[in-house]
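Next up, some structures in structure tokens.
Shared between the two complexes below is subunit A, which pairs with subunit B and subunit C, respectively.
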Partner chain A sequence: MKRRVFLKAVAGLSGLLFLPCPAKAGKFFSSPLARNRLRPPGAVSEEIFAGKCIRCGRCVEVCPYKSIIPLDIRSGVYAGTPLVLAEKVPCYLCMKCVKVCPTGTLQKIGQEETRMGLAVINRHLCYNWQEMTLCRTCYDVCPFKEKAISLHELKPLIHDDYCTGCGICTHACPVTADDGQKAVNIESLYANETVRW
Partner chain B sequence: MAQSRREFLKRTAALSAASYIGMNLPYRKQNAALAADADSWHRGSCRLCGTGCRVELGVKNGKAVALRGVKDARTNFGYLCMKGMHFWKCMGHPDRLRTPLYRESKKDKFREISWEKALDIAAEKFADSVKKYGNDSVAYYGSGQALTEETYLFQKVFRGGLQTNNVEGNPRLCMASAVGGYLTSFGADEPIGGYADIEKAHCFFIIGSNTAEAHPVLFRRIMRRKLDNKDVKIINADPRISQTSRIADLHLQFDPGTDLALLNAMANVIIEEKLYDEKFLESYVTCKKGKKETVSFEEFKKFVADYTPEKAAAICRGNMTPDKIRQTARWFAGSKGTLSLWTMGINQRKRGVWANNLIHNLHILTGQLLTPGADSLSLTGQPNACGGVREGGGLCHILPGHRLVAKEKLRNQVEDAWGIPHGRIPPKPGYHTMALFSAVNEGKIKALWVNCTSPMQSLPNVDLYSKGMRREDVFMICSDIFPTLTTEAANLVLPAAFHFEKTGVYGCTERRSQLTLKAVNAPDGAMPEVWIVREWAKKLAEKMDDPVISKCVEPFEGLEPDFALPKAIWDEYSQKLTSGRDNDLRGATYTVLQKMPDGVQWPAPTEAYALTGGTVKKFVRGMDPLADTHAKDDKPYQFYGHAHDDGKLWLWLREQADPEEIPDKDYPFYLSTGRIVDHWHTMSMTGRIPELLRANPYAFVEVNPRDAAKLGIKPGDMVEVESRRGKNFLPAKVYEGPTEGMVFVYWHDQHPDRLINMVTKDGYDPGSKEPEFKICACRVKRISGPKPLKPYIV
Partner chain C sequence: MQKTADRTPKQHIRRWRLLVQTGAFLLLIITPLLNCHFQVNFVQGWFQSLGIGKFWIVSPLEGLESLLVAKIIYLPLLIGMLFPIIIALFLGRVFCGWVCPIHFLSDLSDRAVRLFIRKKNPKDFLILPRSLLWFVLIVELVLTMVLGAPLFVFLSPPGLVGREIMRVVFFHTLAWEALIVVAVLAANFVTRRLFCRYFCPLGALLAFLGGKRKLVISHEPESCSSCGLCARACPIGLDPAHGEGLSMHCWNCGECVENCKERSLRLGWQKKLGRG
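And then the complex of A and B:
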């Protein structure tokens, strides 16, 4: 092969490889956390999560409800890290995962201190806030009833002092809008705190 | 949680951003998306609980697409609960039964057969059984969810045609004690007032009812009343802190089964502190010790003097103190209108009738009755337990129009109305529910028709009774819309049309009858029950060679089953059989019911009167047309009920009585069961609606935190609940709900591991024959940590 041809081929190939670069690389390095996509209880800040987690899969294994799933290769550098899909199987706060984590990526905290995220009610979708129907489902299923969710004239209110972000309310919410949205969702607000070294 | 200013601002910003996500969508468009665009809206009443909410079914291209409340209905004012909003999803469900299924032996598999053949088999089996084993070897077990027309026609064919009074229904499991209570205290069945009293009441006495869970729309009305008037007092008496207790000013917690002492102690305080209404007592009240034994008011005073608040508090335990009892009695007697509400906590009891009597006693003593806001109101569990079964003759001892089977004159009235010879209806009442299923166990019943209910799940101590239904020599027909645990034990399964797929009337708690017209077609192959009975009766007449059976269905011959047939049945029932009775429905014709947004409250003797909405308060002259026509004197209240010859209210002397089974060394816990807001009875409908199933996929047991600590039970642990009859394995919810020493289980789950009626007790009230679901003794044991469970629907 001539040097010229070789160089051409290399240039072409690498060009091809990097063509969809911005999109791919974005996904490759961006955190999988989003609405209703949460880390298990006690997780350290997302900034250092992927670095600290050794992908041992023990939390996935120990979860009796199969709430925690390991991310696969499509998640790039986050592959192998644990995630809870709140609307599919929420976290029931049995706190088994925090006990088995060998690295402290999931810190040993109690049920009440868990902050996987914060439940946020979309008042435009919620049957009660729209005064369509008397629904109390999120309140009924909440493990910290009266504290984390209270009913004000039958309308649910979330209190961030107590909401653990377990997602049980999201899972149970009977609202399914045309785009599959729920009226109560867990926003992973706390995961983005910056780490003070 | 401590947070810095910076953190707080950050979080606030993020939160507001998150909560306004829907904001950029135009308002109207989003509302429209929720309200579903239907071609037409069809009025009817809700299929589920006894509240009687008025709903509109949205139909698009001949298919149901949505449900919404009717704003000008006096029951729900447009509000619905989650069950009510979603039940339309049953209609097009793939699990719906679509063809008759038959098997010769219960060991075989079902095979599909034609309607012609199915009805032939049904008729032949019933005819054979009658010929070989006598008239009382066949039975009908119906439901408080069947339409009035259906119950009426079934019982007509069974009583007039097959000459048996073995006509029962599941209201025996829920309403019978309330019937007994109303008859013995007021002389006439069903409440004097209704929901309209909620907006006028100043004190609510809610005992043995978790209104928030079982009647959520009524709970909203009660809550609204309290929010609008801060002086309104709500007293909740329940061994369990429930969702209803949340709005209570006073919560009385006591050991299950001790509430008779509480109610007597309240009467004691009322008399002790002279809070009773002397004038009312003098004019309208007789004191009774037994049906034939009248006593003086002095003797009643002496009787309740024994129930001092101190003594009652010692019996009741829980959080009860003598002062709380006194406070309750004062609020009850002193308010400008006291409304008592109760459901199964009072009715499903060994002494359910007595408990009912004692609540009525308080109203009679204080005169908290017949005036605006004052009433003694038993809430019904099922949508048509009052209308269809109590009024329509759906129980073994009653005929349509609140007539007793035992009275010859009343039997003859019915026979005349039906145009059949006198003596066709046997004089002896049939088997009541528990006796019926015992008879099935003993093989005395050879052919049983179960309609629209699932006794394989809903009977107490169900293991015992399901053995009978599984017997090879018991031919069981089951007409239903979905497979249930009961269809699994049947020989012949008949697919029925659902609500809104047929026409008929439901009668709710407050004597209100509401019409639901057919709005969509039933799935191919499913038929309305009225058609099924008519066709079956015709074949039966042939096989039995009995012209009287054909006479029973003759007036309905040839009518199309969607409107004309139910209308003809309703006309016969309301015009011929309620005339001259207290539930006079002559004015509530289909024409009137179609015009009314929310139906008619009986008595309603004429159409013109029915168009005003009917009678809001019974027995009050000027408000109740029958009080005027039946008036014996010029007093403002006329108690014309047929059960009391003296035309008075009866004040009963009833002792505290223990439940049939109390906890002991081996079984140290009380077990109680109940309904959850998202599910209806045996879950055959609501379990198939994903939105509702998701909220409560399976039953669980509620354990008091102090008991849980003693037993080492943590939230979510699997727990064994065992009684002398059976056991369940359920996940635990540790929750400050049930009183210490009591556990509570929801009864909707169909899975054999979580079917709590295998544990409950089948003892029953000797008066009303209603079983004591609510109280039995059990033991509780932790078996393992949390386990993922799968919902189970047959």
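And then the complex of A and C:
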């Protein structure tokens, strides 16, 4: 009898755990990646990132720019995984983090092969495209000038063959919209590739 | 009595253990400080994965879960897991007793409590079956594969201690997960090392690996006066006087050896069977 009561109580309590609306449960499992929210270089697909990363924090510790931050429990199962906030501190592609990852979650790749995302220019915000002023900040700071970014009639253009998504342009962009968006943002396009086993 | 003391010299286990524990805990504090302020990247990480130069150590449970979810063999991961696995095979759960920051912090809090309550070893209020530990390990591994995201990896108290220290050093904040560490330490008031005894999947894996370990607490029944001091001293409630120093659960922490007045307990290599 006692055991029965106990088991019922346990079942009831664990039921309560899953009760709060499905939206919240979805948030618990949803990826923290979004615009300007990127994984460090060489990251595997987001599909297996939460499982493969063991949250050892070594990438966070070796990052000399403190670009990589560890997420906390508010990110659900992604707690402890590394994230780069491109508009705050971008990745300067020093490639130290990929060399220390013990699980292969960050694969050993070179600077040029890095695809953290793709820079996308918002032409409604960009001073150049709006023809308000001559600004070429993004062009000046890009580590792969003339390859990843070029000026076409003094207006910046991104080339996805070479853009690594490091976010240096986003960080440097002088335009900030009311919602915190920059005129050039990094979209995490490549993170959602399906893994082939 | 004098004869007994001659035969088995006193082992200064507690002194050595405190030294190792303090060193391991200082490593958790010094590593992020060096990395953050001096850009010295020779040592990185904590007990989920520790990199000392080219020598990488990966916690076996976390590594196993990573392999189970990703289903991709990554050689550095396997090699990193090798060292702790070999240690566990030969020495058993020494990580729990000698290195784990949770046990270190529990030890410290025990000492702090002892300043106010003069009772030496508090009573254990909640006793559960020890097989719960295996159950927890299996549930953890199954949940990992079901969810595709290992829970212990981001909620493990020993890992959290390292992560929160790093967070404080690098970002001057604490995360809500730190409450888990506080809860685990608070659970010591219910039963000493309640989490370590019954709920730690990492401890379960290490215990499983150390099933046939070589380093054990051996007991000499001739000199034993059955005073029961060793059973009361054991942080995880084992009774070494009745052969439980040989069980899989034993941490080899040597607390019972330190408390034995008759010196009939000894931490040492297992003697060959059939000799005694």
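Throughout what follows, the second predicted complex is superposed on the first by the 177 of 197 C-alpha atoms of A that agree within 3 Å, B and C clash if a C-alpha of one lies under 4 Å from a C-alpha of the other, contacts with A are read in each partner's own complex, and residues count from 1 in each chain.
Operating definition for what follows: contacts are C-beta pairs under 8 Å (C-beta built on N, C-alpha and C of every residue); 3 or more make two chains touch, one makes a residue touch a chain.
Because the structure is predicted, anything quoted here is derived from the model rather than measured.
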item: Subunit B versus subunit C as contact partner of A:P143, first or second or both or neither; value: first
item: Touched partner set for A:F6, first subunit B, second subunit C, both or neither; value: neither
item: Touching partner for A:D161 - first (subunit B), second (subunit C), both, neither; value: first
item: Partner chain in contact with A:K66 - subunit B first, subunit C second, else both or neither; value: both
item: Touching partner for A:A172 - first (subunit B), second (subunit C), both, neither; value: first
item: Which of subunit B and subunit C A:A50 touches, first, second, both or neither; value: second
item: Residues on subunit A lying within both footprints (that of subunit B and that of subunit C); value: 64, 66
item: In the complex, subunit A residues that touch subunit B; value: 64-66, 92-94, 118, 120-125, 127, 130, 132-137, 140-141, 143, 151, 153-154, 160-161, 171-172, 174-178, 185, 187, 189
item: Parts of subunit C lying in touch with subunit A, wherever the complex brings them together; value: 31-32, 35-36, 39, 41, 44-46, 48-51, 56, 58-59, 62-63, 65-66, 68-72, 74, 76-77, 80, 144, 147-151, 153-155, 159, 162-163, 166-167, 170-171, 175-177
item: Residue ranges of subunit B in contact with subunit A within the complex; value: 1, 11, 14-15, 18-19, 21-23, 25, 27, 30-31, 33-34, 68-69, 79-82, 84-86, 212, 216-217, 219-220, 223, 227, 243, 246, 677-678, 691-692, 694-696, 715-716, 785-788
item: Parts of subunit A lying in touch with subunit C, wherever the complex brings them together; value: 29, 44, 48, 50-58, 60-62, 64, 66, 69-70, 72-74, 77-80, 96, 100, 102-105, 197
